[in-house]
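The same subunit A turns up in both complexes below, where it pairs with subunit B and then with subunit C.
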Partner chain A sequence: MSDSRASWRAHPAARLVDAAARHPAVVPLAAVAVAVLIGGVIIAAAGLDPVTAYAAVLAGALDPDTLDYTFSVWGFICGMALVAAIPLRMGEFNLGGNGQLVLGGLAAALVAGQSGLPPLVAVPVALLAAAVLAGGFGALSAPLSTRFGIPIIISTLLLSPIAVAVVSYLVRFRIGEAGAAVAQTERFPEGARMWAIGDLSYTNVGLLVVIGLMVAFWLVDSRTAVGFELRVVGANRRFGAYGGVRVGRLAFGAMAASGAVAGVVGAIITLSSPYRLIDGALLSPGYTFAGLAAALLAGGRPALIPVTAILFTVLQVGGAAMERSADVPRQLSDVLQGVVIVVLALRTVIDSRRSGESGAR
Partner chain B sequence: MTLPAAQLTGISKRFNAVVANDGVDLVLRRGTVHAVMGENGAGKSTLMSILFGLLSPDAGQILIAGRPQVFTSPLDAIAAGLGMVHQHFKLFDSLSVAANVVYGAEPRRAGLFDRRAAEARVRELGERYGLQIDPRARVSSLSVGERQRVEILKALHRDATILILDEPTAVLTPGEVTTLFAVIRRAADAGTTVVLVTHKINEVLTVSDEVTVLRDGRVTGHFLTGETSSAQLVHAMTGREVRPVSNPGLGSPGATVLQVRDAGVVDAGITRVRSVSFAVRAGEIVGIAGVSGNGQHELVEAILGTRPTQSGTVELLGADVTRWTVRDRRLRGVAVIPEDRRGEGSAIGMSITENLALGHHRTAPIGAERGIRRGWISVRAARAEARALIAGYDVRTAGEQQSVGSLSGGNAQKVVIARELSHNAPLLIAEQPTQGVDVGAIEAIHGRLLDYRAGGGAILLVSHEISELLALADRILVMLDGALVAEFSRADATTAGIGAAMAGLAAQNLPNGSRP
Partner chain C sequence: MHVFELSFVAAVLLAATPVLFASLAGAISAQVGVFNIALEGQMLWGAFAAVAASYYTGNPWAGVLAAVVSTAVFALVLAVGAARWKADPIVIAIGSNLFALGITGFLMGVLFDVSGSFSPRGLVGLPKMQWLHDVPVLGAVFGGQTALVPLALVLIVVVGLWLLFTPHGLRLRGVGEHPEAAASLGINVPGYQFWVTIAAGALCGFAGAQLSLGNVTVFTENMTAGRGWIAVAAVMLVAGRPLWLPLACLGFGAAEALGFRLQGVGAPQQLTDAAPYLITILVLVLTRIRIPRRTKASLTA
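Here is the complex of A and B:
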């Protein structure tokens, strides 16, 4: 019996299948497939038709009339995926995207609404201010980790609600529009709004900024000494320290960059239609965790982020359409995101078993 | 003729593209000591893991006492009468010897654990096999050699008729090795079949009855120990003759490269290094002997800067670097071949190119120290460098983009050595540079270390192998319990003298400031 198994292994076709099964794309694709299946089961259990529901998701996301909106959402999710991916490269998790996002929005709102800068200068200054404020806030977690031993995943998660609460307070009571029913700032002047592309109403130059950031991350990751050190530390922290990488400094830089990107995304959203900072509006679409899921699905690899972000964009945008036309609650999108993350977490377990086996040699 | 205790026929096992075992036959005769030897990556561990049920073979058959067996886990193997003592012990530190020995097959009385019966069992087994040990002692209070006895007792308690010992002497002092060999002989005389996995020829010749040699996953020799010679065994292991390298003698050492003064290291409240002082000069190899875990590794970490010192100073080329970062120390001139090549010396998930580039990635040709290319990396240059080092150090691999995790242990070690030697740093610290490396590669590595010294390099060589230190070092310091307890010049160094100092039996020629 064991002989037949050996000959099966030696067969070239079997070897091809074997190699294909170990391709790095297999796990992410399987994660998505499993998520879609589980989602289908949930929809069916609710007495609805999964095929109709998924068709509604796709149709809603890819509807030519709203493609403009879909693209803008893709940009925000790509941006927040970048926020997660930068520290993920060195094995750290930034779960404070929400706090950094609203701080970016706050900085942008202050510059755009109150500085009175001339049109050409206002937008770049607003983006810069957002990057500095949110980047500084994100960078706080690095010394907390190196000096006091508080893991970055914990400090970012716990610091985030503080920033969210402070910004919420400011919008409600300090910088908000007097007499409005909603806690929001006044509309920014024309010159302090994100530059439009043609006559598109949602997608604007902000998308190009995000694409620029993704290209920059790809370059840094693959072509610079810092990017190399980031990957080395992510692969084996002790190896990095032994090789002379200043891990604490690297963490500081990664968290500052990660926070800065979140700030820029917050600024872009705030400076886009409806051109005001509205309490809660930056958080309710859930870009932070959609971005985190996209980054995890991409394994932090810069080149894959735009691709995995498509999936979560479709879920996000199509989810609303599905609710309307197939009567499936949009929370299903969150469920699918959750399942993808769980399946990816399982990969870690499977990987360690696998390497344990081959390591026995 | 009686039935063999175990018979393995045509065992094959592949890991992805690597053939670890290829049609291996092994016959273990009852009541004999059978050595399984081979270089690292020859397939010894895979074969033993298959015999013990940790891995399932792709092909082949296992007969235990004449009956075919298919093991799906070590539990099946234990039930069939096998016992294995791994290199890394699997003991509960906070429990007693007796509890550890009977764990998994406890004597019970009225459904409860019978401690007295367990202790009596340990005494009885100890007397029968000459493995005296206090059954009530906590494992945490035992020496490494004693822990190994507990592991052996564990297997004997389960009535193992075939006892597999995987590199059992790697962690022992010379005295403990002698005791272990006596136990092995006694067990064999009592009818137990002992499998000794090793790559040390003198052990094979001392204690075994039969030898099976593996190379590249195949059996390349099977001998009765009485009818073979070390030359024949080396030939079977390497496929060629090996001439041992030895130190051609000291030239005139130059300026002091490393000066350690009163260095102390405390880790989690435990003193690892006690007031150690010594110097290494250019063109000199200073050896540090000692049983693993006596502070050698912490001392190396303190010199490299990955671990802070609590007291004392470290000077490199005349500069006090005690508070410097690892990067600055490396720039000043230190390279390290670390003991733990998987955990510290490499990133097994990254490619050979990337592993070789770390530390070289900010200098030409991969990076640039100044100008417009500063901070950028040339992937092409990194790959070219990697190809050159792979060729120069004879790393056996399908290409420079393979992951280091896919290499055999010896080849992974060559990657680490290539990276560190190519720094041409004034000080090279080599920790166990030939650990787990095959005989042919040992010769090459030793040759390179001597060349490094001849080129004016200062080398601090930390090794558990006295023979390695005798072959290479100009001076040998002995480390015990965090302190330097003896110093031997090349002229008066002997295995017996160093072994005694390692075991704390003699102290002589104490270096300055290192008195315990």
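Here is the complex of A and C:
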């Protein structure tokens, strides 16, 4: 039995199959395939038609008339994937993206709401203010972890609702438009809106900012000492510390950068159409966890984030269309995100089984 | 405003009970070395299962049973993944929390054709212990509560004593303390981790049922609203001493109950919502101020 198996393994075609099965893209693709299958089973069990539902997702997301909107969402999800990926590189989870996002929106709204700022100044200052406020808030979690032993994953989660509540309060009672039915700020003046690209109504220069941030992270990650330190600490924290990496400072920097990116994304969303800070509007699309799912699917690798973000953009934008035309609740997007993440977590099993098979045994 | 009256004690206990169940779940998981942050999603699923089963059968106790059993099954993902297959419990938990959020909203739309919240006329909540009303003090504190409220307190004491004073409890703590040493004594480490994770799921089922059929009689999307995370924080706070959990959870209950009262006198809801989180993080920081010095001492010793 083992003989025949060994000879089959030596066969060139088998080696090709083996090599293909080891390709790094196999696990993410398999995770997506499993999620789509499970989602299909759930839709069918609910007495609905999975094929119609998925077709509606694709049609809704890739509709040429709304591609402009889809692109803008892709930018936001790429941004929030970056927020998750930066600390993930050193093995930490920032689950407080929601709080950092709304703080960015708040900072941008406060700057943009000031009349009289020249257009060329208003937008950069708003983005900078958002990065500083949200970055500072994100960085709080680093000393909480290194000095007080509260894991970053817990402190980000506990701090986030506080920021969300404070911003919600300010929009509703302090800086909101008086007499409006919805808690929102007044429309920002023309000069304080995100610079447009041509006559597109959703995609704007904000997308280029996010792409710039992704390139910057890719460069830092692959070309600098800091990126190397991040990855060493992520692979083995104690080895990193032994090798002279100051883990506390690294965590501070990573969390500050992560929060700052979230703040910039919040600012971009707020300064884009409809040019207001609206209570809850930054959170209801669920960009934070879509971004986290994209980052996990990319294995934290910066170069893959734009690709994996496409999947969650399609789910996010197409989910609403699916609800309208196929009568499948849009929460299916969350279900699929959850399944993708769980399957990815279980990947280690496949990996260890595989290496056990080809190893010394 | 009368803060220190018995009705306030009752309100504190009511707000604290779901978190009590969930934190007990987190505490026993921590005892076997499983960092369980799936509490939030499991509690949410339990809340949904309780409401759905109570609605279909007309019996709230069937709702509790459904919540406990189905949440234990829900916990299989974490139990198999983390205990048997040694996958990362954090990533599994993040995924299963998202899954719970999605599937409860999805099923609410598919089964009941509503979105946001579900509270039909036929939905029966858990009965209150009215028969206690004539007893002094106890009547005022427990008379308006469901039987799950004292059950949570009793369970914590029983489990705490069981961990401290029985052979199985000792082995269980050994599994978390030093898995290799425990395994060398012939203890089935993955087995303990597996069944404790399942039991934690069942406790989260109780937490969810109390939330959706006890505290209120309604299911709303994402109704756990971070209580699972407060429970995780409570577990960190007591650092492996489950008998202290009631104190930590009552602190949260007090923050929530006080928030309701303050809303009554005109404080904005947004700010009172933030209070439990702020208090949790402050207490965590305050109790840990000494810790860096202690670890330094042990390093040099």
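The rule is short, and it goes like this: the second predicted complex is superposed on the first by the 345 of 361 C-alpha atoms of A that agree within 3 Å, B and C clash if a C-alpha of one lies under 4 Å from a C-alpha of the other, contacts with A are read in each partner's own complex, and residues count from 1 in each chain.
We adopt the following convention: contacts are C-beta pairs under 8 Å (C-beta built on N, C-alpha and C of every residue); 3 or more make two chains touch, one makes a residue touch a chain.
Small disclaimer: the values here were computed from a predicted structure and weren't measured.
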{"item": "Partner chain in contact with A:329 - subunit B first, subunit C second, else both or neither", "value": "second"}
{"item": "Contacts of A:244 with subunit B and subunit C, given as first, second, both or neither", "value": "first"}
{"item": "Which of subunit B and subunit C A:199 touches, first, second, both or neither", "value": "neither"}
{"item": "Partner chain in contact with A:222 - subunit B first, subunit C second, else both or neither", "value": "first"}
{"item": "Contacts of A:157 with subunit B and subunit C, given as first, second, both or neither", "value": "second"}
{"item": "Residues of subunit A touched, compared between subunit B and subunit C (which is higher)", "value": "C"}
{"item": "First, second, both or neither for A:65, with subunit B first and subunit C second", "value": "neither"}
{"item": "Touched partner set for A:190, first subunit B, second subunit C, both or neither", "value": "neither"}
{"item": "Touching partner for A:235 - first (subunit B), second (subunit C), both, neither", "value": "first"}
{"item": "Subunit A to subunit C touching residues, read off their complex", "value": "42, 46-48, 93, 95, 144, 147-150, 153-155, 157-159, 161-162, 165-166, 168-169, 172-173, 289, 292-293, 296, 329, 331-349, 352"}
{"item": "In the complex with subunit A, residue positions of subunit B that touch it", "value": "12, 14-16, 18, 20, 41, 43, 45-46, 49, 54-55, 57-61, 304, 306, 325-327, 329-331, 336, 338, 343-350, 354, 357-359, 361-362, 367, 375-377, 379, 405, 408"}
{"item": "Complex contacts: residues of subunit A adjacent to subunit B", "value": "2-3, 5-6, 9, 22, 222-229, 231-232, 235-236, 238-246, 355, 357-361"}
{"item": "In the complex, subunit C residues that touch subunit A", "value": "37, 77, 81, 85-88, 90-92, 94-110, 115, 226, 229-230, 232-233, 236, 268, 270-271, 273-274, 277-278, 280-281, 284-285, 288-289, 291-292"}
